[in-house]
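One structure is given here, and the rest of the page talks about it.
Read from first to last, the chains carry the letters A, B and C; within each, the first residue is number 1.
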Amino acid sequence: MGFAGRDVLSILDFSREDLEELFSVADYMEKAVKEKRKLKLLEGYIVALAFLEPSTRTMYSFQSATHRLGGYALVFSSREATSLAKGENYADTIRMLDSYSDLIVIRSRYEGAAKYVADIAENPVINGGDGKHEHPTQTMIDLYTMKRLFGDIDGLTIGVLGDLKYARTIASLLYGLTRYKPKKVYLISPSILRIREEVRDTITRLGLPIEEVSSLRDIIGELDVLYVTRIQKERYPDPMEYERVKHAFKITPEVLKDARPELKILHPLPKIDEIDLRVDNLPYAAYFYQARLGVPLRMALLALVLGVWR
Amino acid sequence: MGFAGRDVLSILDFSREDLEELFSVADYMEKAVKEKRKLKLLEGYIVALAFLEPSTRTMYSFQSATHRLGGYALVFSSREATSLAKGENYADTIRMLDSYSDLIVIRSRYEGAAKYVADIAENPVINGGDGKHEHPTQTMIDLYTMKRLFGDIDGLTIGVLGDLKYARTIASLLYGLTRYKPKKVYLISPSILRIREEVRDTITRLGLPIEEVSSLRDIIGELDVLYVTRIQKERYPDPMEYERVKHAFKITPEVLKDARPELKILHPLPKIDEIDLRVDNLPYAAYFYQARLGVPLRMALLALVLGVWR
Amino acid sequence: MGFAGRDVLSILDFSREDLEELFSVADYMEKAVKEKRKLKLLEGYIVALAFLEPSTRTMYSFQSATHRLGGYALVFSSREATSLAKGENYADTIRMLDSYSDLIVIRSRYEGAAKYVADIAENPVINGGDGKHEHPTQTMIDLYTMKRLFGDIDGLTIGVLGDLKYARTIASLLYGLTRYKPKKVYLISPSILRIREEVRDTITRLGLPIEEVSSLRDIIGELDVLYVTRIQKERYPDPMEYERVKHAFKITPEVLKDARPELKILHPLPKIDEIDLRVDNLPYAAYFYQARLGVPLRMALLALVLGVWR
């Protein structure tokens, strides 16, 4: 379909061909930044960053991507939203941002917020994470990182570990993987944090070869990629149970002793203590590399959606 | 007189010729943005936005205008002001902003704040709203919108409705209308919110054909323009009286049934419930269009005041 | 050594030749800004301003300097830091900023914070003030101001007055003066705020001709430069003693009656009441001039460190 003028609400809206095009533009962007080439594709353009849920990492990454292309970011955070509110209806606020910019990136704690904004705004809207629903640009980064690390996503054995129920990055990632042909996708989680039924139904229907397991130990030796997310305390009514689970799912050098040498660990960040700090220095750790790729990937996405990439 | 290097403190400082020049530059700016032309008039320039009273809409509009011209906005909000304060006298703070930028836009809850800043700063100062005093750039947008909608302001019948006593947008608008020859200006308000005597004296002296009425019903059929402002609860000691007044002055499809088909409703925004949401979809509603014109109008003003428009 | 790619942690890392090169680039920058020349040296570059200790003045000055060169500032203040924290370790936060920008300016209330950041970041790091330790870019401005005012720093008689114990600007200034040959440096302070032993040892070893005195009166007639800093109330357990000292060290027109006509008063700003407001209008007052030089000096530093100045 091409990207120009499109909303980016769900990763499911994009085909494999779309993603491959995006990744090849991201390759170009990364190289251009490294060589300090002055990109002016977004000169005169304004990207509104409506981050109604506080998020530093995604926001700065989009801000950096916008600036690297010569464009300007108009930051509208939860603080401004509060002061603006004073009773104004959200539709009016969105119309305001829409008329002051060329594209809106929206982050919200509510599922469906991005769709709501896209229905009102005339300009394209990018979903920067809406509640537990989706986080499509994170998935684009995740898939791009796998591609850069292994050359191809087809054929990989991927473990996805942690809070599979509420983490929006997980739902989006699994949807995104349906565009490829991984050999196997292990879903590793404590029983109360297994993926939601609607997600399992969708990815099964789309033919993703998943298997749910409750322990990393048995399958660690098979993995090319281990994708880790945080298990949040508030999910557990019983703090003792939380401590037990947290311990059982923590990634340590010991846990990794049976890993294949090629294993790469990804994480959407920020991480707290779900990955032992000693792992940061092992060759398995690819999450800082993954984070770095966020800027060129988002540069590519902005340039494509705004139709300035020829 | 021309705009270059001038302070913009009151709309009364500007002649009809000034305003017409401004509007013709705004026409150019709007077209240039629509065509995605890269304007670089403010490349290397810095506009300090000193918004000591929280205001999202005016601030973002100036920020967007600055960026569209290739310039940079240095945002200094009430939060920074608080942290800076620590006992520093305001004159020093203003000198700081003045030496870091090329122009200061000042918004404050105090009447005369813009004049105070202009007396200290070497660079030009634009009043972004000072207490109940004035809001000249909003008036420029209001007049520009009328001009765009009707071709001319001369000969229009204009109704101004709501809190005519405390709304600075109203004082400025009435002053601005004295530069034109509207057929009639109806001032429609509850009795305790009639315009202040000094405003009435000034506009009468300048020959503006006003008439004060207490109900919209009798004159709605005559109006080309209906300019609405919010009636704030805190103006009414008696909450029952407030509810009664609010209801009587609310703009609904029913109220508009006797309106001329050409009627256009303006509002400085944000609006809360003084205009029924169903009105948003009627052809009368011109306030979103008016808001969109804020960016090209302020682009024109910045370019003229900074002397980069040839 | 040259500046390109270097961290700027302490003024002691820089030789006289380094400083002279910096000042000559600052001369160029000031002229270019004055003539409204469009500098594009930092086009496409991003400067991360990590201001974990609130500071308006230094932050805006760096922001302005970045923008004047065509670059973009990514502002990461204590508010973002708080929301980000959520348990993320600081090293990860620094890696994030490092991967989103080309250079980090760090301000913190902790001594050694800049060094800590520099050890983690791949890109250059500039110390924007760390606790009571150092504030090297302020010293660069201070020395540059003296040079501009007197042509040379060698041979000057300089008085440094106020809180010599805790003010980081003082420690850095004295270190910086060791790169020159002032005739004499008087250290003027109440007894409990004399310079710390490690600072005295360093500057004595480096041959700075200092003399500690407890009153300005006797030596005011000798001074070319009087550098004033604030005496903070919290340093004094006894409020009465604080009032007495504050009064004794306040700069008033009366205190200055024996000053040489050439005397120039400097102050890192913000000032509260340690300088009588009437002094602002005397020819002695050079602190507003000094503040204005902050932007071109920091422009020069950014351009040199980022290696874009040929």
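Just so we're on the same page, contacts are C-beta pairs under 8 Å (C-beta built on N, C-alpha and C of every residue); 3 or more make two chains touch, one makes a residue touch a chain.
Quantities reported herein were computed from a predicted structural model and do not represent experimental measurements.
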For the C-alpha superposition of subunit B onto subunit C, the rotation angle in degrees, rounded to the nearest 5, equals 120
Taking shared numbers over all numbers used, above half giving same and below half different, the subunit A and subunit C interface sides are different
Averaging C-alpha coordinates per chain, one finds the centres of subunit A and subunit C separated by a number of Å equal to 41
Going by residue number, subunit C touches two or more other chains at none
In the complex, the residues of subunit B that touch subunit A are 36-39, 54, 56-57, 60-61, 63-64, 67-68, 70, 269-273, 277, 288, 291-292, 295
Subunit B partner, complex, touching residues on subunit A are 40, 43-46, 72, 74, 76, 80, 83-84, 86-89, 92-93, 95-97, 99-101
